[in-house]
Structure formats: C-alpha cells, structure tokens
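First chain written, first letter: the chains are A, B, C and D, and each begins at residue 1.
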Amino acid sequence: MLKIGIVGGTGYTGSELLRLLCQHPQIKITAITSRSESGTRIDAMFPNLRGALDLKFVTPDQAHLNQCDLVFFATPNGTAMHQVPQLLASGVKIIDLAADFRLQDPEQWLQWYGIQHQCPELLTEAVYGLPELNREAIRNARLVANPGCYPTAVILGFLPLIEANIVDCKLLIADAKSGVSGAGRKANVATLMGEAGESFKAYGIPGHRHWPEIHQILQQVAIAGTKSESKAIFSKKTEHQLDFTFVPHLVPMVRGIEATLYTRLTDNTQDLQVLFESRYAQEPFVDVLPAGSHPETRSVRGVNTCRIAVHRPEYSSMVVISSVIDNLVKGAAGQAVQNMNLMLGLEEGMGLAGIALQP
Amino acid sequence: MLKIGIVGGTGYTGSELLRLLCQHPQIKITAITSRSESGTRIDAMFPNLRGALDLKFVTPDQAHLNQCDLVFFATPNGTAMHQVPQLLASGVKIIDLAADFRLQDPEQWLQWYGIQHQCPELLTEAVYGLPELNREAIRNARLVANPGCYPTAVILGFLPLIEANIVDCKLLIADAKSGVSGAGRKANVATLMGEAGESFKAYGIPGHRHWPEIHQILQQVAIAGTKSESKAIFSKKTEHQLDFTFVPHLVPMVRGIEATLYTRLTDNTQDLQVLFESRYAQEPFVDVLPAGSHPETRSVRGVNTCRIAVHRPEYSSMVVISSVIDNLVKGAAGQAVQNMNLMLGLEEGMGLAGIALQP
Amino acid sequence: MLKIGIVGGTGYTGSELLRLLCQHPQIKITAITSRSESGTRIDAMFPNLRGALDLKFVTPDQAHLNQCDLVFFATPNGTAMHQVPQLLASGVKIIDLAADFRLQDPEQWLQWYGIQHQCPELLTEAVYGLPELNREAIRNARLVANPGCYPTAVILGFLPLIEANIVDCKLLIADAKSGVSGAGRKANVATLMGEAGESFKAYGIPGHRHWPEIHQILQQVAIAGTKSESKAIFSKKTEHQLDFTFVPHLVPMVRGIEATLYTRLTDNTQDLQVLFESRYAQEPFVDVLPAGSHPETRSVRGVNTCRIAVHRPEYSSMVVISSVIDNLVKGAAGQAVQNMNLMLGLEEGMGLAGIALQP
Amino acid sequence: MLKIGIVGGTGYTGSELLRLLCQHPQIKITAITSRSESGTRIDAMFPNLRGALDLKFVTPDQAHLNQCDLVFFATPNGTAMHQVPQLLASGVKIIDLAADFRLQDPEQWLQWYGIQHQCPELLTEAVYGLPELNREAIRNARLVANPGCYPTAVILGFLPLIEANIVDCKLLIADAKSGVSGAGRKANVATLMGEAGESFKAYGIPGHRHWPEIHQILQQVAIAGTKSESKAIFSKKTEHQLDFTFVPHLVPMVRGIEATLYTRLTDNTQDLQVLFESRYAQEPFVDVLPAGSHPETRSVRGVNTCRIAVHRPEYSSMVVISSVIDNLVKGAAGQAVQNMNLMLGLEEGMGLAGIALQP
C-alpha cells in the first residue's frame, strides 16, 4: 500500500478527498493534519466517514509527511508554498489542490493572490494537473498543480476547438455557474444559506482568480495549435492576444458547475460533434453527449466525469458549448486522485468508479 | 372602481396577478375564469389569498367579460387570440400575458409556436408592453402584448447601449437564468423538484421562443437608433443584420431571472455608468446599481423592479451587463399591472409599491 | 410622525423590521445603530431597500435614542438589558426582539443564556408581546419582550386547547421546523448553504432556549384556565407540572416555521374546529384553515399571519395541530410592529397589510 | 452471474436500483421493462448511467422474466400483484418495491389502497423485507415485500425499545419528514419545484398509507416481545392496542428522510445508548451515533445506512429518537439489493459499499 498524507482536511475538498481515498484499493492514508482540529476524530466532523476511516486529525509535527509517497495539500491558497520545497527534497510527491502552483508567472500570482510567492523557482516545474491535456507530464511530475474547478469545466469545453485551431481566440466567453460548496467550508456571511439560498447572482465580473489560470492554459493550447512560424505572435509581450471573458455565478445548490461557452468558428468545414467525440474518445472521464443534448450538473454528482454538449444554433453565428462537472470531484478531489494514480503508476481511474447520484 | 376580468387564473402568472390586483386601490376584480376549476374558491387553490379575495372561478359564460374595462389573459399560448377580437369589439381593453401578440409577423409566430394565428390583423396593432420603451403607445393602446420574462430582463439590459448606437449589434449574447416558476404551474416531469432541485442546466440552445421576441425588439431599437440614411439596411430582407445569441438556463429556485449580457463597444468615449443612469433616471421600475455591483435576484423578489449593473472588465474587450427581475412580477404580472395603469389613465406605479423580500 | 429608533440593524430581524417600517404610514425611522457598520448606507447592505430608505448606520452616540417615541432592539441576546433601564427612564418605550426579557425568572435566564441578567427588576414588568394573549397589557406596556419565533408558532397552536382546559398538559409535544434565517445573519459554518442545503436534521434535543419560554407561557395559560381552587398546584415548586417536549429541526429553506403539535384530549365533547375558529375569530393575524387542511409555510411568506389547522386522526388518540408562520415576520419583526402599533395607540394592523408571496 | 429483471424502471426507485445493480459484481441485468418507453435507451432517460448500462427498455413480452433468477418490481402500487403468481410458479424469486405485499390483511389493503387484492393468498407468505427484523425469513423467501421508506426509518428507530418491552406502546409518535423524491417521478402539480420549493408542510395527517404498515410491524414486534401469557391481548380484535400516531412532512430537498420519534419509558433502568448500540452492533447498515448526536440526512445520501440517535431530554418525560435514511436507498432500492443478496445467498452487503455524499 502506498502511503498518502493530507495537509488540511477540514474543508470540502479535503473531506471529498477522504471520501474518495477511503475507497481506493492501493493506498493507505497515514496522516491528515489540522492545527485547529488536532485530536478530533475525522468522522466526528464528517459523519459520512463513520465506519470508513478510523483516524484523528494530527498536528503537522505528528504527521511524518516526509515518509509518505505522496502528499495532498487541501489548504487555503498561500499555504502549500511554504512546505512544498522541503517535502520535495525528501522525495515526496505533491499534489496541491489550492492555487499556489497554478500560475507560472510569480508576478501574476502576486497580482491575483496578493502574496509574494515563496518558491517561484518551482512554478515552471509544477505540472498543471489536467490529464486530458498533460497526461505524460503528470506521470513524470514531482509536483502537480491541481486545476481550479471553473478552469476544469471551461478548458475541457474549449479544448477541442482551440487545439483544432478553428475558432476566433479573440472571442472566447465563459459564463460559468457554481454551487456554493465552491466557496469552501469557512464561516462567511455571503455563503450562509440565508444569503445564497433561493437567489442567483453573478460575481467577480471585474476579475476572478480563475481568469488568469484559464487564460494561461488556453493561450498555451492556442500557441501549440498554431503553425510554428506564427507562434512568435503569442510572446509574452502580446499576452492578450487571446481575448477571454469569464463571468462566474453563484447557484443556490451545493455541488456542481455548468459553464456555457461562446466563440465563433474561423473554419466552418468541420463537424463539431465528430471533432469533440474524436478528441475525447479515449478519455475515461470526459463524456461527449449526443448532438442536441443539454447536460445537467446532477448527471455528474459525486463522480469524476465532465459531460459536454456542443451546439451550433441556426439563428446565430456562435458555437455554444455546455460543460458540467462536480466541482468537488472532477473540479477538485477526483481530479487530484486521477493525478495521484498517474504519478504513482497506478491505473488512472482506480478508486474513481461510481455512478452519479441522480436525482 | 374600474372593472377587471382575468381569463385563466390557475397558473403562476394568474395567481401573481391576483396578489397584486388585490392590493390595487382603484380596481375591482369582477371575474376570474377557469373551465376546469369553475366553482372552486380561489383561495382554496391559493391560500395566500385567504382574507384578500372572496371569489370563485367561473366559466367564461358566467364572466360577462365584455362589461369589464380591461381583461387580462393569463392563459396558455394560443388561447387569447380566439377571444380577443370579440372583446376588443365590445370596447374592452386587453393585456395578454401569453405570447399571442408578441411577434408582429404571423409566419414567425407559426414557426415558433406551431399554431396558425387567428387574428394576424391585430399583430401590428398590438403594442409591446415594455413601458420603458413604449410608454406613450401603451397609454393609447387597446391591446397590449405583455413581454416575456427573459425578454424583459435582456432588453432592459441592452437598451441604453443599442439606443446610443455604441455597440456591435453583430455580437449580442444573453446568457439568462430563471427559477422554475417560469415554466408554469402545470404537471410536468421536467420541473418536478426531484428533477430540477439541486441541479443546474442550460436548455433550448438550438432555439427558444424568447429569441425571436428579443431579436425583434432589439432590431427595432437598433433601426430607430441609426441615422435615417442607414435604416434601409435593416429591411426585412436582412433580418439577421442583428446577430443575437440567447441561452436560457434553469436554476434550482422558485422565482427570479438573471441575465448576463455580453457585447462590444464600437465607441469607447462614453461613460457607461453615466449612460445607464441617465437612460433610467426617470424610470420608476429600473434601478441602475452603483459601479462595481452585482445584483442578486432576491433583491427584486416580489417587486416590479429591474436592477442592472454594467461592467467593463479590464482583462477583456467585452461590456458585461447583469440584469435581474422577478420573473413573475416585472417579468409578468407586475409589468401587466404597470401596463394596465397606463392604459386606464392611472398613476403608473399604483398598486406596485412594496419592498423586495430579502432574504 | 412618531419617531422610531432601531438598535442593531444588520441581522435578519433588523432588516425585516426596516422592510416593514419603511411601509408604515405613521412612523419615521430616526436612527439605526451599528457599531461595526456606522457610516455604511443601509441600502448598500440591503439592496432591497434601495429607494425606500435614505439612511446610514450610526453609532449609538449619534443616535439620540432618548428622543425616540419607541426603540426596537434587534441585537444579540444579552445586549438590550444594558441599555433598556436608561432609555425607559427617558420615557422611551421599548420592544426587545431578542430574548433578554422573555423569561421572568433571572435564574432561569442565567441557566439558559449563560449570562447574569443586568436588570432583573424589569423582568416582571416586561410584557410578553403576543397580542393574541396579552393585547391589553401590551397597550399599556413600557417594555415588551417580543416572542421567539418557535414560541409564537407553538403557543398559538396550543392556546385554544389549553385555555379551554380540555387537554392533558402532561403530554404536550411540539415538533418544530425552521428555515435557516432563524439562525441569524452571522458568519457560522453550521448554516453555510454547503452545510444546511439539501439536508434536514433535528437539533437541540437535549434542550433549546425556546423550551423554557414556551413552557413558561403555556404554564401561565394552564394556570389561568384552571379553576381557582386548583391553581395552587401550579406553584413554582411544582414547575414541571406541565410536561412539554420540544424538538426543533433545520429545514433547507430560507424562511418559514412549521410546528406539528401533539396532545391528548381530556374532554372529547367539543368540536375542535369550532373551538379554534371561535378563539381566533377576532384575531387579525391568526387564520384557522378549513377542516382537513395542511398549511404550507409559503402561504405566510412575508406576512404577519399564523395559519393553523387542527386534526383528530381516527387511527390514534392524539390531537394534531399544524401551525405555520414566517419566522421573520409573525415570528419576529412583524409581531414587533404589531406590538408597536398597540403601544403607540395606532391601529393594530397598520403597515402590516400585504399578501404572502406564493410561490 | 445471476440473472436479474426489473419491471418498471422509469421512476426514482427504478433508476436508483439500476445505479446500484450496475455496481454489483455478481449479477447481470437481463431486462428492464417499460411499456411506454420500450425501445428507449435507458441512459437517454438517466444520463448518469451513460457508460455503465448498455440496455434499452423492453416490453414485458420481450423481457423473458421467467428466465431470471430474481425479478424486482419497481412499479406503481397494484401492478405487481397481477404478475407475481405466474413468475413465482416459474421459480423466479421476487422483490416488490411497491406496497402490494406489505400488508397481511387483504381488507386493510383494500381500505388503504382502494384496490381489491389479486392474490391475497400470497400476503401471508410474503416476507416483510427488513433484514434487521426478518433476516432468516428473507433468506428463505420466494417473495419479499420491500418496506416503505418512512416505515424503514420509523421501525428501526422504535425497534430496540419495543423489543426490550420498556416503552408505553399506547404512546408512539412518529413525526417524519421526507424529500420530494419520495413522491415519485410522475407529472404532478403538488411536487413541482414551484410548489414544493422553499416551503414546508405536513400532509396526510388524517391518514397515510404507511401508517398501517408501520402499525402492523410494530404490533408484531410488541407481541413477540411480551411474555407468552400476555400475547392474547394483542389478538386481531384488539388491533388498536398499539396507539401509534404518524405525521409525514414534505421537505424542500430531493433525497432523505428524518423521523423524530417520541415515546415514554415504562422501565427506567436501562441505559438506552447501550441498548441501541447492542441491538445494532452486528448490523452492517444501522449506525447508532454517539450520545448527544443529531443525525443529518446528508450523512446517508446515496448509501444504505440508517443513522440513529437516542435522547432522554432532562426537561421532559419523553424518549426522543432521531433516525435518518436516504429514502431511495435504505428506504427503497438499497434495501431491495440487501434483500436480493440474502435471497440469492450472496454476501449481504455486496454492491452496497460506498460512502455518503456529504456535502
């Protein structure tokens, strides 16, 4: 059994990680740290784990994380970067579910997260943990930056089109909607049920932290997809060659993300249904729905699947894509387990079987 | 007291109309028809009306609608058109809350609603009942087509920009979200709480009936806003001069619509906040929020107000507008009462005071 | 116009009080205090009040509360008791929406609220503000303890039976359910939508603060309802003559309380439907539903009405009552306005018209 | 692989059964019948099953159910009784998830379900499929009546007390609350999200079909628990020796049942926590929570577990029990799979592993 440690297990991504890892046949959780809850039984905080996990939270000192094969960080942003260098030096592999290693540019990290990065030298080593894009690199990585929830839904929806270089990258819009668990399990007035229940709103229109993350990846894909002689135009100086608009919204539900994506074709000759189905034919966790479908978030509740439908409405010039994930699974803990399997040489889907809970 | 009749009072728009009219000081409801429920006390079906309304549903024969000053139709699409001509001939004014008189082109009506129109000659007479656009025409109208819920939120959001002729009408996108009451109060598997609860989805991407309605109005506004010599380009033959994309979504809540709108400026010289505030300064039921705001649907729950925020995110070329209404009030019954007040020479906001129920 | 002050206006009972008072024709809000938010526009925190209230939060020093005719306390428990004596001395009338003056016994207050009472001498002067029970005393009161939300629903349901002295007071059970707004608008993990959404639970079974409040009132009613020679048995020494069980539950919705009450008849001769209808015939805010009904919380959403149904199922010996209120209106702010009207000599229902928002 | 057929797979219990059976290692689904949907791919109706089940609905004629080892009926009440005798005669084992075989008395069935029973001779043969009560009988049964959802939660909560013969069976109250999926997946106004969302109500107070079912079982347990000489008192003539009150409520959520149970002890000498823990120590699917706990429905979302807490509040004479299940799993399909495992000689928990989806 491989030894797994978890730093920070009291939030939703942490508890979801525990749910999944408890059902994984090849790993053993050796420690879950929480300074504030050390000594508390984990199943006292998360009764769904009763009978599945016989552990208490421990302090970082008690955790002996350097003896683990792999450590997950399910901590607030800006935490992992303090501990990752030392653990890597001990030979431990790392998956960070927070944002510390998602942006390659430390200045951009400072700008969007408001903290000076503590190990900028690792930013380019860290692999962005989207297996559908970076599978081989993940297999060989010491350090994986697990993608954000919105980015996973948005990137998987745009990927086939941008890779095929058939859309106008100057017109990419993602109108994304998330259940409240995306905001985490910390005391906060704005996500009280009295505030978020029976209501709907956009937020973060002036700028959301997932914008630079999505922008960075889509731009990399766009560069890779262009002919070599054109790549120069995507140099750092012309960062905004891609024109990408992102508006997140808060949905009065617990789990689920839907992203509706809009762009325009520069090449009308391809059958988009075929394009999407081909692109994802070998992907175990992306399901392209039949033409004419509209995916529902509940169809992926609790599972690691992203379901996508692509439409070309007759009455408009736009391509419209609808992409759904469970923000806590494919958008966080499930994708982290998928990455773990790749990094540890296990079967990619191990521990991730299961059928969505519908209704 | 003015005499008011209601045809079809068993749905959500009908019951909301009753809620508002019961609180209106200058009118008296003389009859509410329902073939299936005739004889049933109205407050037996809608207990919130207990103590406020002492009436039973009656058959159309018993209703003596031709003695009313004004009749509302809160019926399924395709019903009002059978009865309107005769009532108009009796001198009764009409507000249709369904779609029968919203589209001016009978062929388009047939195409989107699948029914041959029964009084196409009235389509051009009917006034589209958006007071912010057609106030004077409504005052003088015999027949008002009350706007759809999505169209109200979307048109009010785009209106200042298109009137000012400063956006690219070839790039208009409305990503709209509605609570389930928008689907009506009829037995239907898709809107069972077991189906629509704790889930989110897009629907109608290939085409929704509110698309032609919004398209028609925005195009009229665009034509009116262009210089006279250019109007020719918007002739019927070039109907699709406007490129408008509309995607509705179902939110797991009862009431409320939010529409996030995307377009591009063709003229960067105007302060959009000032533009919106000026345009709606005299409008009693449109509230432009301070710069940087994000309206929530609950902030208009139960009231006839549309709250709007306009944004120009730095990281993208798009203008983004978020517009919220209560789909049953400003999106249906409240707007109908506002139109009634105009048609009957009453103060426009009579019976529509009240503060949104938040939380 | 009568001058009204509000201490503590940032919670749900405070904001609901503002919603109601803004629509009251005979009063003027002169100050709303909040130490933490002083200087903030009230409608910046509660956008539903935009256009209805042009005030900012002020510090207590700035509020000049001693010049008010009446002051509401919408503060956390244990706050009002520090300020009430001085205000009363200034001739200001007081309604406390918190629990400071609900229990007459200071030892019991200490036991259940964990704080030494600061003005125990006022506990017996304070009138329990349930108009259906204490209307005349409220009219003459300087200080009214506004009832808790659960107590309002439970007491109004049991009242006709206990007053009539026809039930076994040794067997009173209230199984009560509340929406999350009852827990207030403070940052708290347990009422995050991620915790309380799509789930249901009992809480407080070992003891909830509303138990002594309900017990105290029901016992007073029971004593008053017994023949004089029997009253001695309800002396303080035999406090637990009444055997009352209370279990609250948390419902995944924002507003509303339903209480299902169970007891047994000691006298089978009365028609309970007639008893309830007679008891509440003159009450403007209690609505006894027709026999066989089941009230829904939405039928009182936003209004000051309590709707009640009484049942005697054939298959059991129990009487079962179902009572619903809006916890923020009849269970808090609405009842407070009703009390204010009584205390200030205004028409009892002034400012409390309105029809519940259903759906 | 054992061959399993399902009659009626278009409702929530049917689809949940499919979700569970698809993950069962020892069975193969050979046919799922639906007259109305024959020819439709099952995963077109239930997209969560995409990739897990490659079958279409078939007509009963095409299903060859008599070649199955076991057939589940997930049909409306009154359907199974027409087909069961013939299938039993073919040697097929049957689990009926509807109510056809739950009541042993055909007159009572007629009274509560309004239909003459078609095979009353099988009513006494049918075993009530609550493994915690009837495990050995289920192992040997040809025909199992799968318990109702409310009965499962209520009976498991009362069972230890009644078996131990330490409570007053003349005072048993179950105040039960269910999510809307309990009402099934049929078009129905009352369970539209517009009707059931953001509201709470009691229903069925005058009598609900689960009352006779619970009453019958609790009475059998009470008789079995009394000394032999006393059993005579529970003869059929004195059916109402047990005094049991049952009030169901509708919760605005999709899944989950909570039952709060009230009774009084006749024997105060036992430690109830120990009693419950002992009674269920060997039960794989009943979890007695630590003293002082309050189970949440989400802690069993998607799993076959019943979690129970038992309380003796100091301020009252009542014992209070709170019991939660997922109405579609332990309350329907999960319990059916548990019964199937017993009937087919498989490990009782096979295919029922999994951890509840919290949040």
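Everything below uses one rule, namely that a contact is a pair of C-beta atoms (placed from the backbone, for glycine too) under 8 Å apart; a residue touches a chain by one contact, two chains touch by 3 or more.
Nothing here was measured: the structure is a model prediction, and the numbers come from that model.
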Chain pair with the higher count of C-beta pairs in contact (A-D, C-D): C-D
From the options C-D, B-D or B-C, the pair that copies A-B, where over half of the contact pairs coincide: C-D
Euclidean distance of C-alpha centroids - chain A vs chain D, Å: 38
Chain A and chain C, separation of their C-alpha mean positions in angstrom: 46
Where chain B touches two or more other chains at once, by residue number: 12, 181, 185, 194-195, 197-198, 252-255, 295-296, 298, 301, 359
Touch-based graph of the chains, sorted into line, ring, star, complete or other: complete
Residues of chain A that touch chain C when the two form their complex: 12, 180-181, 183-189, 191-198, 252-254
Residues of chain C that touch chain D when the two form their complex: 170-171, 173, 175, 177, 179, 194-195, 197-203, 205-207, 211, 215, 240, 243-247, 249, 251-256, 258, 260, 262, 292, 294-298, 301, 309, 311, 313-318, 320, 322, 324, 359
Chain C partner contacts - residues on chain B that touch it in the complex: 12, 15, 19, 22-23, 44, 46-52, 181, 185, 197-198, 254-255, 287, 289, 293, 295-296, 298-303, 307, 353-359
